[in-house]
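Look at the two complexes coming up: subunit A is in both, with subunit B in one and subunit C in the other.
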Partner chain A sequence: MIFGTGILKGLFVTLKNFVTSYFRKPDNGGIFTVQYPEERDKAIEAFRNFPFLAYDGTPDKVRCVACGICERECPPKCIHIVMEIDPLGKPARRPSVFEIDHGLCMNCGMCEDVCPFDSIYMDHAFEVTAADRGKELVRPKEALLKSNDYFLKIRPGTATLVDQKRRAAEEKKKLSRAATLPPQGPVS
Partner chain B sequence: MTNTKDLEGSQMLEINFGPQHPSTHGVFRMKVFLEGEKICALDPVMGYLHRNHELIAENLPYAATMAYTDRLDYFNSMANNFGYALAVEKLAGFEVPERAAYIRVIMAELARIVNHLMLIGFLLNDLGAFFTPVLYAFREREKIMDLFEEVSGSRMMCNYFRFGGVKRDLTAENLTFIKRIVSKLPAFLEEFEALLTKNEILCMRCQNVGVLPADLAVNAGITGPVLRASGVNYDIRKVDEYGLYDRFHFKIPLGQKGDVYDRYYVRILEIRESLKILEQALSQIPQGEVLNKKTLPFLKMPRNFKPATGEAYGRIESPKGELGYYLVSDGTPQPWRYHVRAPSLINLTVLEEMCLGQKVADAIIILGSIDIVLGETDR
Partner chain C sequence: MSMPPFLRDIEFAVDLSLVNAKGWCLDLLGHFLPDWTVVLASIVISGVAILALGPLVMMYLTLLERKVIGRIQNRYGPNRVGKWGLLQPIADGIKMFTKEDIVPAQADKIVHFLAPVVIVVPALMVFLVVPFGERMTAVNLNIGLLYFIAVSSITTIPIFMGSWASRNKYSLLGGMRTAAQMISYEIPMTLSVVPVIMMSQSLSTNTIVMTQVGDLDLHWFIFTPWGLVGFLIYFLCAVAECNRPPFDLPEAESELVAGFHTEYSGMKFALFYMAEYMNAFTLCGIATTLFLGGWQGPFFPSWLWFFGKTFALICVMIWFRGTLPRFRVDQLMGFAWKFLLPLTLINIPVAALWFFVPERLAWLYSIAIFAVSFWGLVKLNCAFVPEKRIYPLAD
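Coming up: the complex of A and B.
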């Protein structure tokens, strides 16, 4: 025999939730939806989306040396790198082509983990769209390059650590260079 | 299993549920033969979401597969990571630092809570309680998702575990946040249960529907809450005591009849037990390293990681059942063989037995109560 008390109780719960959702805090049972284009959620530092390439100062000072480690380790193989060749025909240790296919990239962060030159990092920009997935989604180097200041802005924790590490390495290099090289300056 | 080929051309009504059907929780197809409203035969068709998971992993270094395991059961990638990490650690003999082991347990239990909340919500959807309970569950889930994003960088594709530890340490704020979640959730569960557990409609729809006898469940290799709802006390957290589960006190909730209602209620009770584990873990968690120093070079240079020839099977109690990873190494950077024992797939095999003689509408809630995720079923 059904009396329907459970149903009345259920309706009471939904009514209570409906009314109190207007008064409670969002993390405590209140309205928690964010009206997206106008409002935004707070940025989370660890958030990872497609990778970007960090440069120091001006975009021609790329940190990437086109070693190709990330290209090889990327699980879906969505990175394409071509080493720049300088006028003497030697590898210039800079990429002339650096493309990431956003249609393939799965935001895993492997490239960031393996890069030995602190060059590739996961970005926060998620509003990347394209009308054509064949061409536009393959992002060229120009679209991927972002300054270190940008990196410091979106991920202050990681970026500061990386900066400290790089500065320390540079100091060490300077010291050892001054000790070993004759005064005519660095060759490479 | 009835051979549905024999039934084709008979007087019975043959209908297809799916692969594009909201109640099949993904791209799953059920071929159902009906006599009036009664189900006479049911043929599950899987494979629409096959993505070659195992073969991909056999061509990648061990470290890179971690990101792919997220995509198996995309509702609880933390649990998937856990199983894979355990398998690789067994293969190579890596130790896990104490703090990392605690973090792993915390994440796995949070993932279980998320999974069960979602499941109950969607089960109610299947019952016709459209979206109100789901959204209440989502409200709680969202907090845990925020935490996952904060620690791992992604809400659902966490890729957070590494062999020999975890990727990032939990900060003091993270721990306070988890404590808050743990302290708030019981009140929510009370309310959720007031809405559901004694509700007459829920009881009438779920009790004595889709009964799975204990002996059939054991013979078919069913694991997880579906098995425990049939009254079989088998939980890998207790059997294997992997991770740190031997240190925590918690009970294994059991059902009696093995019907849809028991499967629903066992999950509610499991959430409560998970909360107990979380409370203990949060009070005990020590300071220290979160990644074994020995594994760091292998994460930087994945191709240098060449475990000795051998095999390993790592398994965990994922929210859906026994999730196992089988790895065979031949001394090269890639596994020679990699296999996933997906609980969703194996739990699906008794779907027909549970559905025979029931009404069409019951088939949907029975499927919902098994808790499948097609990413894992089809791999």
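Coming up: the complex of A and C.
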């Protein structure tokens, strides 16, 4: 039977919403809106936007060895890498050019997943602008390089794990190097 | 309620402040100019006041609507342009003016151009008989209510003009729906007004307000059984008349793009929009006049009461929009013809009963009659639902 009670119920719901929007908190009937430029949501650690290149200490100690795996794996092919050649004509195992076209990058995070040298990671900075769509959105290596401290700051969980892994690997390397060298004292 | 005389004086002065301001202007002009110009000036002042009021009301109604709907949906609504977004309507206006005006190649150019122009005219014309406050009716017509009903129903024609001239199937469907809907809802709306005319024995909007005086100025028609029912019917019809949700079939955006104004852009579209909001305002204003005692009310100046009541009604319209989904076409027509119309017809004799029977008894009778008829109408309107068929072999 339709006596219009459903409509009244519905009207009551919206009225309640209207009234509570003035004094309730967002999680129980208040306003959800975050007034963006003035307020920001707290960043979630897993949030990802445009990759950056991590370096240890100083910007010349890049972790990237210019292996080109990310370049090949990137679905829209927006990474461009050139290996640095040292004076002897040998590959220097570091990139001389490392560019990412932000106009193409779709923030998929594939590069982070495939990099075997813990070099490329997804960033939190999303306010990327340029006055020109073609050239300026292609970010050079200088713009992409960010310190490991920054990485630790924005993604403490992942960064600490990575750091532990790297330290363990270093240790192991040292040990194995020590094992191959002639023993210089009592081996424990 | 007795008030000290000086308070009454103050109230009176505030009440008539706007009227006095006009009189003062005219006096000033009278010193310099011949008499006939003063008469002309009087007309011009009222005219300009109304012409300015219409668009101004419309602009801020859009803002109010967006704000209230926003709150209903737990958002802020516009709040960037100016404090609390108060300049938002002006920004919208500028945007509208700078938009390209597109006319379909196959359109009937003249009619397509005329429709938005014509639609604003009746919307502004009805402002003439709305009593905004004590002695603040622009023209005190003795057939004011008839004039209002006649003029406001013209709105159907420009809408249909626009939809026909656009040469667009969606427009035309919207126009057809408008014609059907507006004509259907006109009838219960007019009939729901009849008891008011019976009681005040006048068609003049001013007189209707004056018959609602009483202790505390609260002797409104809505506080009688026929007034309450009449008001509800009138208000529902008013919502349908200005094509607002849940009766917004003519511009149902999910099925007809934008209905009759699909092919309009820029300022022409804005004119349609303006007419719609001004209609909403005047329909609420007339509802206030007829059932809510117009500008009558204790303590505050009369125009404040009028605008307060009108805006309260408009907020209810916005509330409807924030709550209810759209009617289906057949439900819409059924609601007008099979529910509202019989109820108005019952309402008229009930009003007569009120006139002849002492108050207590009349309340009792009216409640009984309305309860029975409401129940009966609901029963009769129930759609036939076939019994659920059982297929014994299916399981």
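We take it that the second predicted complex is superposed on the first by the 168 of 188 C-alpha atoms of A that agree within 3 Å, B and C clash if a C-alpha of one lies under 4 Å from a C-alpha of the other, contacts with A are read in each partner's own complex, and residues count from 1 in each chain.
The rule we apply is simple: a residue touches a chain if its C-beta (ideal position, glycine included) is under 8 Å from a C-beta of that chain, and two chains touch if they have at least 3 such contacts.
Remember, it's a predicted structure, so these values are computed and weren't measured experimentally.
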Contacts of A:V114 with subunit B and subunit C, given as first, second, both or neither: first
First (subunit B), second (subunit C), both or neither touched by A:A131: neither
Contacts of A:F47 with subunit B and subunit C, given as first, second, both or neither: first
Dominant toucher of subunit A (residue count), subunit B or subunit C: B
First, second, both or neither for A:V13, with subunit B first and subunit C second: both
First, second, both or neither for A:F32, with subunit B first and subunit C second: both
Contact residues of subunit A, present in both the subunit B and the subunit C interface: 2-3, 7, 10, 13-14, 17, 29, 32
Subunit B partner contacts - residues on subunit A that touch it in the complex: 2-7, 9-10, 13-14, 17, 27-29, 32, 44, 46-48, 72-73, 75, 106-110, 113-114, 116, 122
For the subunit A and subunit C complex, residues of the former touching the latter: 1-3, 7, 10-11, 13-15, 17-18, 21-22, 26, 29-33, 35
Subunit C to subunit A touching residues, read off their complex: 68, 71-76, 319-320, 322-324, 378-379, 381-382
Contacting residues of subunit B [partner subunit A, same complex]: 56, 60-61, 63-65, 67-68, 132, 136, 139, 142-143, 146, 149-154, 157, 159, 168, 184, 188, 191, 194-196, 198-204, 299-303
